[in-house]
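Across the two complexes that follow, chain A remains constant while its partner is chain B and subsequently chain C.
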Partner chain A sequence: MGYTLISRQKVDFSNTPQTQVDFTLNADYDEIFFTITGFKSTWDERSCGYQFITSSAGSYDRPIQSTVWGQWLYAYDYSHGTTSYEHAWDSDIGEASSSSTQFARVTMGGDTHKMHSAASGELVIYKPQADNSYKYFLSDASNYNAHVSDFQQYQQSMRTAGYVKDDAALTGIRFVSCNYAGDQDANIAYVDIGMYGLS
Partner chain B sequence: MATKAEHITALKAQYSSLSKMVDGVSSTLSDSEYEATIDDWATTRAAEDVRKALIESGGESAAYVEHRTNVHSGYGYKSLPDQLDQLWHDIDEGKLDKTGSWYTAIKAVKDKYTKPS
Partner chain C sequence: MTLSLISTHTGSNSAALEVLTGITNAYDEYQFHFYNLVPVNDGVDWQFQVDTGTNANWNMYVTSTAHNAWHKEGNVSDDSEQNDTDDQQNADQAYINLTGTVGSDSYEALSGVLALYAPASTAFLKQYISRCVAREEDYARDHHRSGMIGTAASSAGSGETSAITRIRFRFESCNIESGVIKMFGVK
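This part shows the complex of A and B:
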């Protein structure tokens, strides 16, 4: 049996920008698959970030460990970055429950001034309902951006693997607009997120 | 470079209210949620201003490699095609030495973003 659409949420340019998009996670599925389409922030160089909440946690601030592979190409002069990786924060439970909530990133940042500057990708979470192990995830996303003019484009790819370092079952996920360090500081201007489940 | 207080003022001027979407339903943030959100955003933006000021002013920094090689920042090395063009002109003008455009541009970046001792 394939993936089943559970729910879909959309922030559109015709609506009020949103600080966050929250999904209640369905415990009936072994895999939760998110499609993230056309993400744009209300602020330049912002990424789509996400965080989790559990039945025992008071807010979206779970410790997340991840490693990222990234690459960029600048179409103006065909320059490109060397393959790079990020070693995301490894916060212990105490640090993660502080007020400095950080979000894991599913995309790299993008500019806001062109309609075709947007990021899209996928995020898969495995066994979110497990209450005796960490919860692993994979993400794969790209963004295509205008830089200065329509004819100076750059593309960035980002693949991430990691886990939520919490034994408790995940009960919700929050998507936000955040900076390179995972700090939220802007609204989501546009995104269409589908949540699918695999039994 | 704006302070956190200045960012708070600017953000409140830009957003008189904020909204969130939960399971498909959009709602306006409460007063306390609004104040906390604006405070968080202002904290992040003020910290980013400090970081950008460091990049623009140069000086000793553990991130000197990133500052030197990030062609998007506008402050580091030029792109490889631009550097090759500089070398061609330097050779053509007989200035393939420390007076040439390529050498002086590279040295300016190295001097600005110094390697920590």
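This part shows the complex of A and C:
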């Protein structure tokens, strides 16, 4: 059986911005695959953040360890950096216990100055129901930042790999708007998230 | 994109997991999904090789690139790099490292995917892309690989004449304690 659409949630500009988008994780699949399309916050320079919950945990605050690498390019003059580690967007297991660093980031920051600025990507979680392993995940995201000035238009890619350091089954995931440190703030102005299962 | 499950392979103190049938010209792409694979010993590489069925020596000619990124718990260490230890050149004919070291401590494992393109082609080198996540010694590790596989040495200049029909996965120097590989055909 190939990918099966489990559910889809959309926050649209025509609706009230949402503080979060929650999904219940299905235990019937070997991997859960999320497509995250067109994320845009109500505030400037915000990322699409995520966190997990288990049946024994009281909130979305599981310890996450992740590594992040990526590239960027300025559309104005095609200048770019080298492929490098992205220190600002990784997560350490100690950060989930503080609300100011609680959420891991699947995308880099987005801007509100230009309508066409947005972030999209994919997140896959392997065996979220396993109770004999940490939960491993990979993500790949693209972000187009658009500040006020024309020379401040740039494209970023961000690849993340990591694990949730919890041997209890993951039962839910929450997507939010957060700052670069992982502090949930502002609201989600637009995002279209599809959750697929593969077995 | 539609994935069709072709076969499932479960490790249980296994020396290797071999897919000996099902790789044909029926699909343009085959994906191998890895679920929580654990080595018996700590700190070993996850590897693969292929063959044509007539050559059963698991020693095809591979040219590959490797990129790793890592982050240790406690923010002790992090970085990313092009890694020349895990890449390979045409003459090596060795198993290809899909990861750096993978841990065997409690709850450690690797997961990820390998995509193999057009293995039945007799005209082109067979290309692959892989990405795996693993934990070892408190590190989150990201392993990105890509490469091309020849069934003859490129120096021969004779082009590619053989289809790849089999694939073999193993840990570098120990058995597979547990874990599952699923092979999908992609259309």
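Just so it is clear, the second predicted complex is superposed on the first by the 179 of 199 C-alpha atoms of A that agree within 3 Å, B and C clash if a C-alpha of one lies under 4 Å from a C-alpha of the other, contacts with A are read in each partner's own complex, and residues count from 1 in each chain.
Rule of thumb we're sticking to: a contact is a pair of C-beta atoms (placed from the backbone, for glycine too) under 8 Å apart; a residue touches a chain by one contact, two chains touch by 3 or more.
None of the values given here were measured: they were computed from a predicted structure.
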Clash or fit (per the criteria above) of chain B with chain C on chain A: fit
Which superposed partner A:Tyr144 touches (first chain B, second chain C, both, neither): neither
Partner chain in contact with A:Ser7 - chain B first, chain C second, else both or neither: first
Per-residue touch tally on chain A - higher for chain B or for chain C: C
Cα-centre angle that chain B and chain C span when viewed from chain A, reported as a multiple of 10 degrees: 120
Which superposed partner A:Val21 touches (first chain B, second chain C, both, neither): first
Partner chain in contact with A:Asp30 - chain B first, chain C second, else both or neither: second
First (chain B), second (chain C), both or neither touched by A:Ser79: first
Touched partner set for A:Asn187, first chain B, second chain C, both or neither: first
Minimum C-alpha separation between chain B and chain C after superposing on chain A, in Å: 15
Residues of chain A at both interfaces, chain B in one complex, chain C in the other: none
Touching residues on chain A, where the partner in the complex is chain C: 1-3, 30-31, 65-69, 83-85, 87, 90, 92-94, 126-127, 130, 132-134, 136-138, 159-163, 165, 167, 198-199
Chain A contact footprint on chain B (complex, rising order): 15, 18-24, 26, 29, 37, 40-45, 47-48, 71-72, 79-82
Chain B partner contacts - residues on chain A that touch it in the complex: 7-9, 11, 15-24, 74, 77-79, 147, 154, 179, 181, 183-187
Interface residues, chain C side, partner chain A - complex: 1-5, 33, 35-36, 38, 67, 69-71, 73-75, 78-80, 107-112, 131, 133-135, 139-144, 180, 182, 184
